[in-house]
Amino acid sequence: MSKFSMSAAIGGAAVFATAIALGTGPANAAEANPCIGNSGPVTGPAAFGGKSIRMGAEMAVDEINAAGGVLGKKLKFIQYDDRGAPPRGVDNVRRIGLKDNCVAMLGGYHSTVALAMRDPIHEIKIVYVGVIAANTKVIENGRNPNYMFRVSAKDRWVSKFLVAEALKRSPSNKVGIMYENTGWGKGAYPNIQAALREQGTKEVGAETFNWRDTDMTPQLIRLRKAGAESLVMWGLDREGNQIMRSLQKIGWNPVKIGAWGFAGNLGELAGKLANCALIMQTYSWMGKLEPRAQKLYATMQKRYGVKSQKDIRMGSGVADAYDAIHIIAKAIKIAGSFDRQKVYEAMFSVKHDGLVMNYDPAFERTEERHDAILPSAYKLTAWYNGELLPVSQTPCK
Amino acid sequence: MSAALQYFLAGLGIGGIYALVAIGFHIMWSSAKAVNFAHGDTLMLGAVLTIVFLDHGIAMPLAILLSIGVAIVFGVVLERVAIRPFADHAASIGWMLTTIAIGIMLESYATIEFGAFARPLPSPGVDKPIIIFGAGVFIQELLIPFVAVLIVVLLGIFQRRTQLGRAMRAVAFNRVAAGIVGINVLHVSMFSFALASALGGLAGILVAPVIQASATMGLLLGIKGFAVAIIGGITSAPGVVIAGLLYGIIEKFVDGYISTAAREAVGFSLVIVVLMLFPQGLFGRRELVKV
Amino acid sequence: MAALLEVKNLSVTYGHVEAVRDVSLQVEAGEYVSIIGNNGAGKSSTLKAIAGVVKPAGGEIVLDGKPIAGKPSYDVVRLGLSMVPEGRLIFADQTVEDNLYLGAYARRGGGRSREVSEDLERMFALFPILKDRRQQLAGSLSGGEQQMLALSRGLLSRPRLLMIDEMSLGLAPRVLETLFPVIEMLNREGLAILLVEQLATVALRYAHRSYVMEDSRILLSGPSRELASDERVVEAYLGRRKAS
Amino acid sequence: MSRIARYFNPAFVVAAAILILALPHIAANEYELRLITLLLIYAIIALGLNVLVGLTGLVSLGQAGLYAIGAYTAAILATRLGVGLVPGLILGMALAGAFGVLLAYPTVRVRGVYLAVVTIAFGIIVENVAIEWDSLTGSWVGISNVPAPTLLGLPLDTNAYFIVVGASALIAYLVNLNLMNSRFGRAMRATAQSEIASRSLGINVAAIRTLAFVVSAMAAGAAGVFYVYLNKYISPDIFSFTDSVRFLLMVILGGSGTALGPVVGASIMTYLPEYLQAFGPWQAFAYGLLLAAVMFFLPRGIVGSVEHFLSGRMAEARPDTASEERPRLADIVAVNPADGSACLDARGVSVAFGGLVAVDKVDETVDSGKIHALIGPNGAGKSTFLNAISGVYRADSGSITFLGRDTTQLNSHQLARLGLARTFQNTELFSNMTVLENVLVAFHKEYRSNIFSTICRLPSFQRDERRFRQAAMDLLGYVGLSAYAHEKAENLAFGHQRQLEIARALALSPKLLLLDEPAAGLTHSEIENLIALVRELAANGITVLIVEHHVELIMEISDHVTVLDYGELIASGSATEVQTDPKVIEAYFGSQNFGDGPAASAEPAGGEA
C-alpha cells in the first residue's frame, strides 16, 4: 500500500507538471446577466450597513422593474455577506463576477473591504459603484481604465470640509486628531494631515483608538497637553460615545467635529454629552422630506419594518445605493447591452437627478471625478439632545 | 501624576469588569470542572434584555430582575444540554465547542433582534464624573470593582455560613465525598451555573452604562475574563478578582505609557508568561493528578 | 425478621475487571459485622456499591425492605445508611465544624437545627479533641483526628447502619486503641456497623460476625470467634499452604 | 488505525490525482475552481491540525495565528522582494514551524483548558501584531497586489495554480497518512492516551508533542502561503479566533484522528458559507447550530462515525487463527544471561507528599536474574517505591543505582531506554490502539529510520517496519495473543490486557521488569499462567521486581521478599523467613494487643483528600 501511494504521488507530480505546461484558461462570457451584485456586512456588528444598502438598492430595482426593466429584462439585486472581512469581500467579487456573471456591483460598508476589492474588480473588469465606504484610495487608485466608481463621500473631500470647519472654530489653529485604528480611520489620517497642510498648519497631535475601547482618557490627556482646541474625529458611534464620556471625565470640552460614522446613534448613547458634536453627512432622513423621499420612506415603513425616521441607520447609505442603482440602469440603457465593457464606457455619459443631488454628469474621465457626490452636497449637522439636526436648527456654532 | 492616577482609576473600572466575568468562570469551574465559553454572552444577555424590557415600559428594578432571571435560565439549560453530556470528555473539546456554538447562536440572534448598534443603559452612576486629584472617574466605574470585591466577600461568607455554600465547596473539593454525605452533586453543579449566570447577568447590567450594551459585547469580554480567571488561578475566587483588577490596570498603563496599539499583544503575552511560570495560575490550588 | 441490609449476588466490574463476584451478605439491625480480607480482595468495592458510590453490575441490595442497588450515594444516605470512606475523604479546606454540618446535609432541613447542634455536642463529647479544633481547617488535623472527624461526620446523618472502610489505614495502633472502643460503644447503643478491615485480628475481636473475602468472592463467613481460629483465615492472609 | 484509509487508500490517491487534473476542465467557471482551491488549502490546514488534535490529543484554538504567519511571510516576501512560490513556501513553513516549537513548549507544563488559553492567547497576539505592525503588514488594509505565483520562474495561471495546490494537498494527505501509520503516529496516539505509559516505554513525550506542533504549524503555514497566492490579498480579518474555531471544527466534523476526516470537514466548511448566504442575517446562527449539532450527534465526526460503524461489522468477521508454535523469547528481544550482580540498588530512598512520608529511607537490592517481591499492607508505600525507582516520582533523598549507573535523577523515559520496563497497577494500555500497535509503540526507540524516510516511505523505513512488526507479532505469539493482533486493546478480556502489558514491556528488551500487582483481577488459571511466565522471564535472565498483594503467588515464585509497612522496610529475606516474622504477621493481621503494635511511628498528618 505504502509503496503504491508513493508511486502514485510521483506519478501525480509528473502528470501535473505536464498539465501546467498545457495550462488553459476558461473562456469569458461576452454578455453579463441582468443582475447587480453587492458584498456588504449582512451579519456582525455592521449588519445595519448591509441592510441600508439592500433597502436602497431593492427600492430602486423595484421602481425600474415596475417601469419595464432595462433593455426588456428585469434587474436583479444579489447581496452576499462579507462580515466586514476584506478576504470575504474579495471572494464575493469573484462570485458576483465569475459565477453570477453580473453586469455591475455595489460596494459595501467597510473601506478595508473596498480597498481589497480593487484587484479582483480590475481582474474581472466589472463596474463597481461604492455607496458607503469613503476611503479616498478606493477610487483614486492609479489604475487606467479604472472600474471603481462611487456615489458616496470621499474622505479627502470630507477631510477638507471638516478641517475647514474645525479651523473656523479654533482661535489659534490648534487641531487634534482622533481616529479609529481601522482601514477607514488609517486611510483618512493622511487626508486630514494634507487638508491641514493646505490651510498652512499641522495637527498638534494624533491619537488612535480601537473598536470596543471603553476608555479614551490616555489619548485625550495627551491631546489636551498638546494644546488642541478642536478635535477632528474619525470613528463610529460606540467609540464616539466613549470619547464624549472620557472628555467629561478629564473635564475638557474642545470643539468636536466628526465624519459620518458618528451619524448613527451617538446622541442616544451619549445623550447631552454629544450636544454640539458636529457631523458631516451626504443625506438626512430627518426633518421634512421632499415628496420622492417621502414615498421611499413610506416603502421602508411598509416593507422593512422601519418605525420612525430615527430608525433608518446609515441613512446616507440608503440614499446613495438608491441613486447608484438608477445610475447603473441608465448606463446599461445608454450602452444598449449587458456587455460589461460597454456599460463601463457608458458610465461617463449618465446624467441623473438623484435623491442626494443632481448628477450632471455623474462621472468624468478623471480619477478624482469617479466620485459622483461633490463636496457642495455635503451637509454639516449637529447632535442636539439626541437628534442630529442641521446646525442652523440648533444653538450650536 | 494625575495622568497616572487617571490610568489607575480607569484600569480599575475595566479590571472590575474582567473580575466580574472571571468570578463566574471560577464558580462554574469549581463545581463542574468545565465552564461556559459563552459566559461573555451571559453578560450581553443581562445588559441587552434590560434595555429591551425598559423599551417595553417595564420599570428598571423589575427589568433588572427579569433579565437576571433569564440569564439564570440560560445558565441552567446550558449546563444541562451543553456541558453535562460532555463533562467526561478528556480533552475537553466537547464542552468548549458546544458552548462556543451556543454563544455564536445567541450573539447572532441578539444581533438580529436587538440590532447591531450599541445602546446605552441609563444609570445615575454615569451622569457625572467625580474628580479625584485631577483624575475623573464615573461612580459606576468605581462601583464595578467594588461589586466584584463585594461578591467575592459575600461568596466567601455564603460558602462558609450556609449549608448550600458548604456543599458547593465540598463538591469542588471531592465529588465522591460530597456524594456520601448526601449532597446531590448534579444539583449543586446546576446551582453553580445558575449562580454564575446570575452574576454574569448582573455584571452585564453593571457594565452596560459604561461600555454600552450591544449584541457583540460578549465575545472579547468572555475571552479576556477566562484568560484572567486562568492566570489568577481558577480555583481561587479572590485570586481571579485580584488578577482581573491587575489586568485592567496593566492594560491602561500600557495604553497610557506605551501605546494603545500594543495593549492586546502585551496583555496576552503576559497571560502566556504567567501560565508558564505558574501552571496553576497565580493563586490557584494544584489540581491533584493521581498516577 | 428481615435483615436491615440484605445483599444478594452483588457483582461490581471496572471495565473488564470483576472486583466483586456474586457476593451475598446481610447485616441485622444492631449487629456488628466485619468484612476482612487482603488488599484487593474486593472489600472496599463491595462497600462502595452498597453506598452507591459505584454502580453495581448485578445483584440486589435491600435496605430495610427497600431496594437501593444503583441509587446514587446522596439518596442512599437519606435512607439511613452512612459510609466512612477509605482514606477518610474529609473536606480538608473547610473547618472541622463545617465538615460536621455537612455530615448533617442529608437530614431533613439539612442545616443548623437545634437537633443538629445537639448531635454536634455529642460528637464533641465522644472526641473532645474535635471540640478544641472546631474552627481549624480539617486538613490541618493529624491522621487520627481526621478519622475521628470522618466518623463523626458519618454519624451526623443519624444512620441506622454505619459502614466504615479501612479505618486502620495509615493510623498508629495507639490511635486505633481509642477508635475501636468508641465504635463498639455506638454499636451497643443500637447502631448497626459494617466494618471493612484489613487488620483481621482487630476486626474479629469486635465484630459479632465476619465475612472473609478473597479474590473478589466471599470465602468464609461465620461468628468472629470461630473464624479467628480457622486455619483458612491465616492462609488467606499469608498464603501459607499446607505442604501438598 | 483508520480502516477506511487502509482499504481505500490506493484507490483514493489515484482517484484524487485524476480528479485534480480533470477539475480545471470540468469546473463550471473560474469561481468554482477557486472555491475548490480554497477547499484544498483548508484541507491542508485541517490535515495538519489533525496530527495535533486527532493523534496527539492536544487542542489548539490558535491555529489561525500560524496560518497568518505563513500568509504574511509569503505576502511580504512576494510584494517586497518578488520572491516566488517555492521560496515563500519554504520560509513560510519554516517560520510557522518555529512558532510551533514555541507553542509546544508550554505543553510540558500545562494541558487541557490551560493549553487552550495559551493557544487562544497566541492567536490573539498574532492578530494584534498583524494589525499594529503597520509598516510590515499594512494593518487593517492588509497586503494587496500580490503578484501571480511563479513556479521555477514560470508564472502559474488559475488552472496551473489549482494543480499545484491540489498536488500539495495530496502530499499533505499522504504525509498525514504515513505519519499516522508509523512509529511517530503511534507514539503520538500513545501519549494522548497515557502519558505515563508512553514514558515508561522510552518515549520522550515532550519531543513527540513538539513534533506534532511543528507538523501542524508547518501545514498551517503552507496553507497560509497558498491562500495568499489564491486570494492575492490578505488582512487580519481572516486570522481571528473565530477562524481558529472553524479550523478545529473542520477536523472534528470530518472525524479527528482519521486521515480522510479533515478533508471531508474542510470540504463541508468551504461550501457551507456559500449555502448559508441564503439565510441572510441568520447565517451566523445557522453556523452555530451546525457546530452544536455536530458535537451532539456526530462527536466522532462523519468519517469517524462511518469507520466506527464499519469496524463494528468487521470485528465480527475476525478469523480466530489458532496460535502455532510458541517462539522463544531470546529469538525476539535481546536477553542477557544473569551474572548474579546487583541489578538495582536503592539506598535510603524517601518519598514524601506534602508532609506525608510515603516511603521512608528504604534500602533495597535486586540481584539480576532473580524474582524479587515487595509486599505490605494497603498504603505501605509499595507503589510509591516502584514509581520512585522507575522515575515517575523523584526520590526526595537517597540514591538509586541501576546496572551500576546512578539513575536517581533520570526520567522514566530515560530509564526505559536503559532497560527498565514496567507494568501498571491499573493497566495503562493504549486502549484505542490495536494490540499489535501497543507493542509496536515500545519499539519506538529501536527504529533507525528518521522522520523523513518515514514520511517518504523509504526503504530504511520499510526495513524497520517489517522487522519490528515481525518482532511484535512474535512477542504476541510468545504471550499467546497472536489471534488478537488487530483487535483494539480495549476489547480484550482483562487477563489478556495484563498479558499484553507484559508483552509491551518485554519489547524494551528489559534488564529489569517491574510488575505492579500483575495478578489483580485475574482468575486462578490466569494466575497460574502468570506464574509460569514470570519464572520463564527470570530464566531468560530478566530480573523481576514484583509488587503484589496476592501473597500466595508471591510466596510461590519469589527468591526474595521485602516487606514494607508505613513506608518503612520491616522485613527482608526468603519467603519462609518473612512468613514467620512476627512483625510481618502483625502488620497484616493487626496485633492481638494494641499496645504491642509497631513502634508508634510518626503519625501521618495532613492527609490528602
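Letters are used for the chains, namely A, B, C and D, taken in the order the chains are written, and counting of residues starts over at 1 for each.
To be clear about the criterion, a contact is a pair of C-beta atoms (placed from the backbone, for glycine too) under 8 Å apart; a residue touches a chain by one contact, two chains touch by 3 or more.
Just so it is clear, the structure is predicted and the values come from calculations on it, not from any experiment.
Q: Listed by label, which chains are in contact with subunit C and with subunit D?
A: Chains touching both subunit C and subunit D: B.
Q: Higher C-beta contact count, A-B or B-C?
A: A-B
Q: From the mean C-alpha coordinate of subunit B to that of subunit D, what's the distance rounded to whole Å?
A: 35
Q: I'd like the Å distance between the centres of subunit A and subunit C, where a centre is the mean of that chain's Cα atoms.
A: 76
Q: Per the centroid of Cα atoms for each chain, what is the distance between subunit B and subunit C, given in Å?
A: Computed value for the inter-centroid distance: 42 Å.
Q: Among all residues of subunit A, which ones touch two or more of the remaining chains?
A: 43-44, 47, 181 - these are the residues of subunit A that touch more than one other chain.
Q: In subunit D, what residues contact two or more other chains?
A: 131, 281, 284, 608-609
Q: Give me the residues of subunit B that touch two or more other chains.
A: 108, 111, 173-174, 177, 261, 263
Q: Which pairs of chains touch each other in this structure?
A: Touching chain pairs, listed by label, come out as A-B, A-D, B-C, B-D, C-D.
Q: Quick check on the complex: what are the subunit B residues that touch subunit C?
A: By the definition above, subunit B touches subunit C via 160, 162-163, 166-167, 169-170, 173-174, 176-177, 179-185.
Q: Give the list of subunit D residues in touch with subunit C in this complex.
A: 377-379, 490, 492-494, 497, 517, 520-521, 524, 549-556, 566, 579, 584-585, 588-592, 594-598, 600-601, 603-609
Q: Give every residue of subunit A touching subunit D within the complex, in rising order.
A: Per the touch definition, subunit A meets subunit D at residues 1-6, 8-9, 11-13, 15-16, 19-20, 23-26, 42-44, 47, 80-81, 83-88, 90-91, 94-95, 97-99, 101, 112, 115-116, 118-120, 181-183, 186-187.
Q: How about subunit B: which of its residues touch subunit D in the complex?
A: 35, 82, 85-86, 90-94, 96-98, 100-105, 107-109, 111-112, 173-174, 177, 219, 223, 226-227, 230, 259, 261-265, 268-269, 271-272, 275-276, 279, 288, 291
Q: For the complex, give me every residue of subunit B touching subunit A.
A: Touch list, subunit B to subunit A: 3, 6-7, 10, 13-14, 108, 111, 115-120, 126, 128-129, 131, 135-138, 210-212, 214-217, 220, 252, 255-256, 260-261, 263.
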